[in-house]
Amino acid sequence: MELNLSLFTPELFLACAGILLILIDLIIPSREKNGLFALITFGITSVAIVLTAVYSPFSPQEAFNGFIKKDFLSGLSQLLVLFTLLLTVLVSYDYLERFKTNYVGEYYYTLIFASLGAMLMIEANELATLFVSLEVMSISIYVLMALFKRDYRGKEAALKYFILGSVGAATLAYGFALLYGITGSTLYPEVAKALSSNLSAAAFLGIALVLSGFLFKVGAVPFHGWAPDAYHGAPTPVSLFMGAVVKVAAFVALLKLFFPVLLPFFERWGEVALIFGLVSALFGALAALGQENLKRMLAYSSISHAGVILSALATLPALAVYSVFFYLFAYTFMTIAAFGIISLLTVKGFKGENLSDWRGLYSKSPSLALLSVVIFMALAGIPPLLGFWAKFYVLVALVKTGKVLPALIVMVASLISLGFYLKPLVYAFMKEGKEERVIPGFSAYAAVLISSLVLIFLGLFPEVVSQASLLSLASFLKGVM
Amino acid sequence: MVSLMLVIPLIGALFIALCRSEERAKWIALFTTGLVLVLSVLLLFQFDVSKSSSFQFIDYGHWLPSLSIKYKVGVDGLSLIMVLMTALLTFIAVPSAWNYIDRRKRLFYALLLLLETAMLGVFVSLDLLLFYIFWEAMLIPMSLIIGIWGGERRIYSALKFFIYTFAGSIFLLVGMVVLVVFYTSLTGNFTFDLQQLLNLKLPLELQKWLFWAFFIAFAVKVPLFPFHTWLPDAHVEAPTPGSVILAGVLLKMGIYGFLRFSLPLFPDAYKLYAPVIFALGVIAIVYTALIALVQEDVKKIVAYSSVSHMGFVMIGLFSLTVQGIEGAIFQMLSHGLVSGALFFVVGIIYERLHTREVGKMGGLASLAPKLATLGMLFTMANVGLPGTSSFIGEFLTILGGYKASHLVGVLMALGVIFGAAYMLYMYRNVFFLEPKVLSFKDLDRRELLSLGLLALLVIWWGFNPEFIMKFIHGYTHRLLGGV
Amino acid sequence: MSITGYVILSALLFSVGLFGLIVRRNVISLFFSLELLLNSANVLFVGFSKLYGNYYGELFVFFVLAVAAAEAAVGLAIVVALYRLKGSVNTEDYSSLRW
Amino acid sequence: MGMTFWIAVLPLLSFLIAGLGVFFGIDSLKRRSHYFGLLAVGLSLFLSVELLFEVMKGKVISESWFTWLVSGGLSASFGGYVDSLTAVMLVVVNFVSFFVHLYSVGYMAEDPSYDRFFAYLGLFTFSMLVLVLSPNFLQLFFGWEAVGLSSYLLIGFWFKRKRAADAAIKAFIMNRVGDFLFILGVAAVFWLFGSLEFGEVFAKASKASAGALSLIGLLLLGGAVGKSAQFPLHTWLADAMEGPTPISALIHAATMVAAGVFMVARCWPIYDGSYILPIVGVIGVITAFGAATIGLTQFDIKRVLAYSTLSQLGYMFAALGAGAYVFAMFHLFTHAFFKALLFLGSGSVIHAMSGEQDIRRMGGLFKYMKITGTTFIIGTLALVGIPPLAGFFSKDKIIFSTYANGHFVWWFFLTLGALLTALYMGRLVFLVFFGRERFGERERKHLHESPAVMTVPLIVLSIPSIFAGFLEGWFTEFLKKSVPNHLHHTSHSLEITLAAVTVSLALLGLFVAALFYYWNKISPEVITENPFIRPLYTLVYNKYYFDELYYYLFVRGVGFGLGKLSSLFDRFVIDGIVNGLAFITRGLGEAVRLTQTGVVNAYALYFALGLILVIAIIWLV
Amino acid sequence: MNGLFFYLFGFLAVALGLAAVLQRNVIKGGVALLGSFVSLGAVYFTSGAEFIGIVQVMVYGGAIIVLYLFALMTMDLEKMKEEPLRLGFVSAGGFLAGVLFLLIVYGAMSLEGAPSLTVSGAKELASPLFYRFLLPFEVVSVLLLVATIGAVAVGRREE
């Protein structure tokens, strides 16, 4: 038995910290917990970030009998997850100050457990581990969505997400069962070895089902049904969290499963990813056009973005890993910033969620309005913001593999999506509203500011992200060889 | 030095963001744009004309090495004059906004400065992707300027402008990437460097596709019939400084794109499709001139006249004669001055009368002789009277068009008649006849100075076009040598 | 006793579960369907586990069962909470989030 | 920068000084603006005369001032090219311009925009001189357009009047129609000969094919037709009379309108080698005869003169068409004097009549304004072609040349035209200066002879009107140095016979006019009311309905009609497609959106569908 | 013998599952589901997976179904409206489920072989579970913890 526990330090720390938080929650009286818990969670996350950074080896290493494998790709992705957690905490503090819940403690440590699930998912090297950690993440998120007092929307969203999420999980399990049935193992390397000589219909079926499970998780059409309702209904910080974390975790897990293990079938599932990606890109963009609710709009936009990332999977494996990671990086910060600013503007009565609430935002808060320009233009992929580079890398990857028409479709989708990304800006700048100054909560404002600055600065100097993507690609490939 | 010009407006914008006073913003803007203008003039004098076909003042840095995208800027003769014009018109735009922009001044001037950086960037980029970035980055400030300070239908116009242009540029981006990937497949060298890409001889089949991809992006910006409908909307709704910049600089970005990319990169496709462009150009000239004849809105007339003039430019470009191309370049330069000035004039009138309807004006010549005089000058320049800079361009493009096809020449020249017709009717309705208003303040010193500057340039370059032309002979020579 | 039997059994359970998910409006019935879906995978796992003679499949079933239990708990909690707010368990009544 | 430069630029300086005075509203300059004009044009005139003497010595002066435009093989500079043709034109232009300046001091004295007027005069003179001096086609075009601009500005001088503003536009656009062809001509010249310099082009012209030359000639002719107001672009000239009268004299009689004739003469190598001389002639004949008929029916003193100008320009074109370039120029030369004289005279009349221009309200003015009357009659006789006045010599030569070169039909109509000229001019003189006084008391009180500053130019101009004809021999020889004069049959007796016919017809015309309007033996109504002639009269009176035709065809039809149509097309079709695309996209979005029903079963359904699709695709690919 | 039991219980599991899904009365449905699960447990037994069979019966019979019944008790069963079956959904759902069934069966048909019926009890499974599969096992504990706390927090009556 080869545990290699030291490699597992960050996860272990996070799990222990989460459990410790449960205990603290039991001790501390229920009043005025928000600040304290936010602070503690913030601290925990910061430590976890440091630990993750430390325990992300460049040459891939395995732990727990090969049940997890850490490399740079997983390390960076985990960092993304933890950064999201960090900023979510900032946004949540502000949100919880305004929308009371009885379950402040539960809220924060469920966040931690969700992140833990995501982290495990990212580094999983075995099907059962992947399945179970995915469920940790999902169930935590169901709970988070339903946690708020008298918040009917959140619960409805949680129910829908729960039902469909379970279908997705079952599909995934079924697919895993088939893979296991073909190969006799659940460990990635063994599965890979057995599969390489077995191009049977059953293998295709298994891959199809696993792929469907992932397509569901990332919200690709037609598995997307849950996404708009869930993002829309969930409390905004939760939308933020799941918008970023679920996508990162699902896509990285997808990469780690599909590229090394299912590579012999690349041509087939690549094609599927391309087709569903392009359809999703167009569908999301189109459906978002008519939205009045910004969260719902962002939900559709996330479908569209997921579609773009999916289409990148169909390129050469190296290009795919590279551009997918880049896109995920950009997408994470864009999502944080976008949902963050909505959360910031959301005061009692769901103000700030609807387009009409953005009327005259510039006169109410110039800085927020200007930040919103950065955010939405980054989402739309207008240079020189980070969002542009993400799209650009996908484009290059597609064209390099001779897929010019798909590249064009991706761009058309981004053209259509411009139609709605511009809307909040129109409302913020070009329409007049009642003059009342908005005083944004400090912590949430900081989160939005940080992520917007990331969008700007890394947009100006994309080489940083590019190098990170390259390194993670190199490390990833090293593990495959 | 070129990089300095790109950075200065950004610093200016930063200062505006930091300063708390709404009033001080415009002084900062004036100073910044002035500084850029001075720099551009300095650049003009330091430029080595004998080597005008090669790029000078190159600033070079690795920006995105993993995709070998470089920060590479520099100017050749063509870029140089575009830079000069951009600097000039932005400088002019500040005084034109002086009274017109009466709210959110800080935002306005900051956006204007950002816009300046983006526009300058477009003209000096020597890396395809850098070009594209500036090309797109320009959209945000411009749309905001139209959308915030524009007229009734400003939001529609701003969105239309943004989305229309973006629609064009998606093809541009894909085309660029295809081009670069193809280059890589030949040479194994992945680069967006324009100078390296120019060495490439593309197969005709690929040229055809890429030509159209680039064409759409540039044609929308030019704008060439039938992609022009965003322009009247944008022009009419934009505030005066917006119109000045829009007409003066933004429209030129499309032409510049043709000159810098389409022509040198796809010469064979260029030759192949010239007849199509001729047809579109001729339609643009005659058809939009006809439309301009019946417009009631002064700004619309000038806007449609821009489309019409761009038809000349396009035909000149595609005539593949020295005269046609040089004429086209000169024409766009001159059109920048003239239409910028005309929009300024219209803006002054609107500021005082709060109407742009032709029917509600009249007789301003007796109330505001200075405005009328300068207005006459710019009207005549727009008509293409010899002695003004427009004539040079118009004449040379007609020369080019005539060479390409007699019919094209004839139809182009027909535009000369229509141009005279709508401009003179407009002038008559605005300035002649009995006054319909009681009082009208003539130009103040600030307006006089900025319009006077433009007027002097229009006449100076009308008599001494060589001052500008000497910078583009080299470019044209190299270009046609390659074709 | 060939593996085909397991396959058919699991496929049947899967189809029945999915059918129920599409057809039924009662949330509780939907939950029943979900359980069937999860169990369909279990059948396969057990079959394959025996086919290969290693215990991975059976262990996977064990995990799936745990997951099913956790899901059932959380899911029911959500339904109960929703029922309190809305007084219904019909999915058509839970469609305030749409379009 | 030699003499030619200063000849051209002096008036420009006058324009600039006066113009800046106007622009900045400098009052001290306002009343003094004519000083600069007179001084500048006077100096310019002096220099021109000096130059004329130089040229008479057999020199051809060619100066280059500065390079204008260089592009590829094209290179054009501003410069002065003076041969005998130019030298004569310079003198004529400056001479007339000087006296018009002088005259205007009196005529415009009360106008509030006095200084602006002189500024424009300076601009015009400059433009005309540049045109005349041009050594290449581009400068020619520059001058061509610049005189057009000045003409536009001066016609619209009283811009508050709608009629003036409209007339100005009409003049400009009609000219543009010509220029549109002209510039194509220039382009054709460039691509055929690779140069725009007269010298080079004409040297190569002899080797070019007649077809190409015809094309170029036709295109250039278009410009000439526009500028010289020949049929069918003639309608602007009559309306141009809305401008101040001195302008009519300077621009629309003596100088600018003659530019077309000058241009054709200048480009004789092109026309000589082409097939199109007959076209030039036919246009001239039609204009000469048609305008004369219209002149017969008009009641506005200036309009009568305007049609007379048209008619006379038609004569010149006929001469050009016959190949008698020198005769055309000679007529241009003499016509400049007496037509300027006539216009200035009419200005004097109008001035006296406080702006009244309708000859039906005049009569018997001779006794009030002796000088004006006398000089006007001199001008009339010169125009009608009564020997030995200037017009006789020049017009006679033209009529002779058409006959001599075998164009008998032209000859017939031109001779008939001479009769008509005598008729309408006689009618004019008799109606204005003699007969019953048909104006009211108020005008009578005001009636006076014009001040000296106006009458002196009249007197001065009447001198060449009388004597210029005697220069014929010298003029012909002098001009032949630069322009040929084709005469196929030169027979002195024939010439005398034809002259006799013409003169007798002219005298007959004057006599008939006197019958109608002096002795009142026959009432004009007898003819105009005659049921057979009546429709014809109406037709002629309405200028053959050309204005209406153009108005409905081009202004309403092409301009407004097509314009509206295009505008609608643009809005609903082109923009409609754009907006339609946006609309469709949005509609598609709505449709797609509606699949998101909010009911979780539906999502499960999509999920199942997706599963099947994924499985199917992965198998099928 | 084993084969017979397999088919018998397999048939029962599917039939009862179908009944559970289609039963309008959720209480009856719950009972049918319980039957289905027990049948499945029996199927596992016939396959020799005794431990799993026991766990199946215990977890479902002892925990999950009870959970359902408790949850149902908090609700007013009378108030649960008889839901109408939408014909579109029924036909589409039937079609899709049928197609899916065929696809899965067709796909998995390529798998061959007969499972050995070696008995695997708690003893056999314990060692791989606690050695090789330690990580997922630990994660499951976290999962259950989260689920428990979450269920309490979400399901508790708000004041």
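A, B, C, D and E are the chain letters, set down in written order, and residue numbers restart from 1 in every chain.
In the analysis below, a contact is a pair of C-beta atoms (placed from the backbone, for glycine too) under 8 Å apart; a residue touches a chain by one contact, two chains touch by 3 or more.
For clarity, every value in this text was computed on a predicted model and none was experimentally measured.
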> Which neighbours does chain D have in common with chain E?
Replying inline: A, C
> From chain B, how many touching-chain steps at minimum until you land on chain C?
Replying inline: 2
>> Quick check: which two chains are joined by the most contacting C-beta pairs?
In response: C-E
>> So, comparing C-alpha centroids, which chain is the farthest one from chain D?
In response: E
>> Using C-alpha centres only, name the chain that sits farthest from chain B.
In response: E
> How many angstrom between the C-alpha centroids of chain D and chain A?
Replying inline: 78
>> Can you work out the whole-Å distance between the CA centroids of chain C and chain E?
In response: 6
> What is the distance, in whole Å, between the centres of chain A and chain E, each centre taken as the mean of its C-alpha atoms?
Replying inline: 30
>> Report the inter-centroid distance (CA atoms only) between chain A and chain B in whole Å.
In response: 43
>> Show the residues in chain E shared as contacts by 2 or more other chains, in ascending order.
In response: 89, 92-93, 96-97, 100, 103-104, 107-109, 111, 133, 136, 140, 143, 146-147, 150-151, 153-154, 158
> Of all residues in chain D, which are in touch with two or more distinct other chains?
Replying inline: 582, 593, 596, 598, 600-602, 604-605, 608-609, 611, 615, 619
> Among the residues of chain B, which ones contact at least 2 other chains?
Replying inline: 163
>> Which pairs of chains touch each other in this structure?
In response: A-B, A-C, A-D, A-E, B-D, C-D, C-E, D-E
>> Please output the residues of chain E touching chain C within their complex, sorted ascending.
In response: 2-3, 6-7, 10, 13-14, 17-18, 20-24, 26, 29-30, 33, 36-37, 40, 43-44, 47-49, 51-52, 55-56, 59-60, 63-64, 67-68, 71-72, 74-76, 79-81, 83, 85-86, 89-90, 92-94, 96-98, 100-101, 104-105, 108-109, 111-118, 120, 124-125, 128-129, 133, 136-137, 140, 143-144, 146-148, 150-155, 157-158
>> So in the complex, the part of chain A that touches chain C is made up of which residues?
In response: 127-128, 131-132, 135, 139, 142-143, 146, 150, 152-153, 155-160, 162-163, 166-167, 169-171, 173-174, 176-178, 180-181, 184-186, 228-229, 232-233, 290, 296
> Of all residues in chain E, which touch chain A in the complex?
Replying inline: 103-104, 106-111, 131-136, 139-140, 142-143, 145-147, 149-151, 153-154, 158-159
> Which of the residues in chain A come into contact with chain B in the complex?
Replying inline: 362, 366, 373, 377, 382-384, 388, 392-393, 395-396, 399-400, 404, 407-408, 411-412, 414-415, 418-419, 422, 425-426, 429-431, 461-463, 466-467, 470
> In their complex, what parts of chain B are in touch with chain A?
Replying inline: 63-67, 104, 107, 129, 132-133, 136-137, 139-140, 143-144, 147-148, 154-155, 158-159, 162-163, 166-167, 170-171, 173-174, 177-178, 181
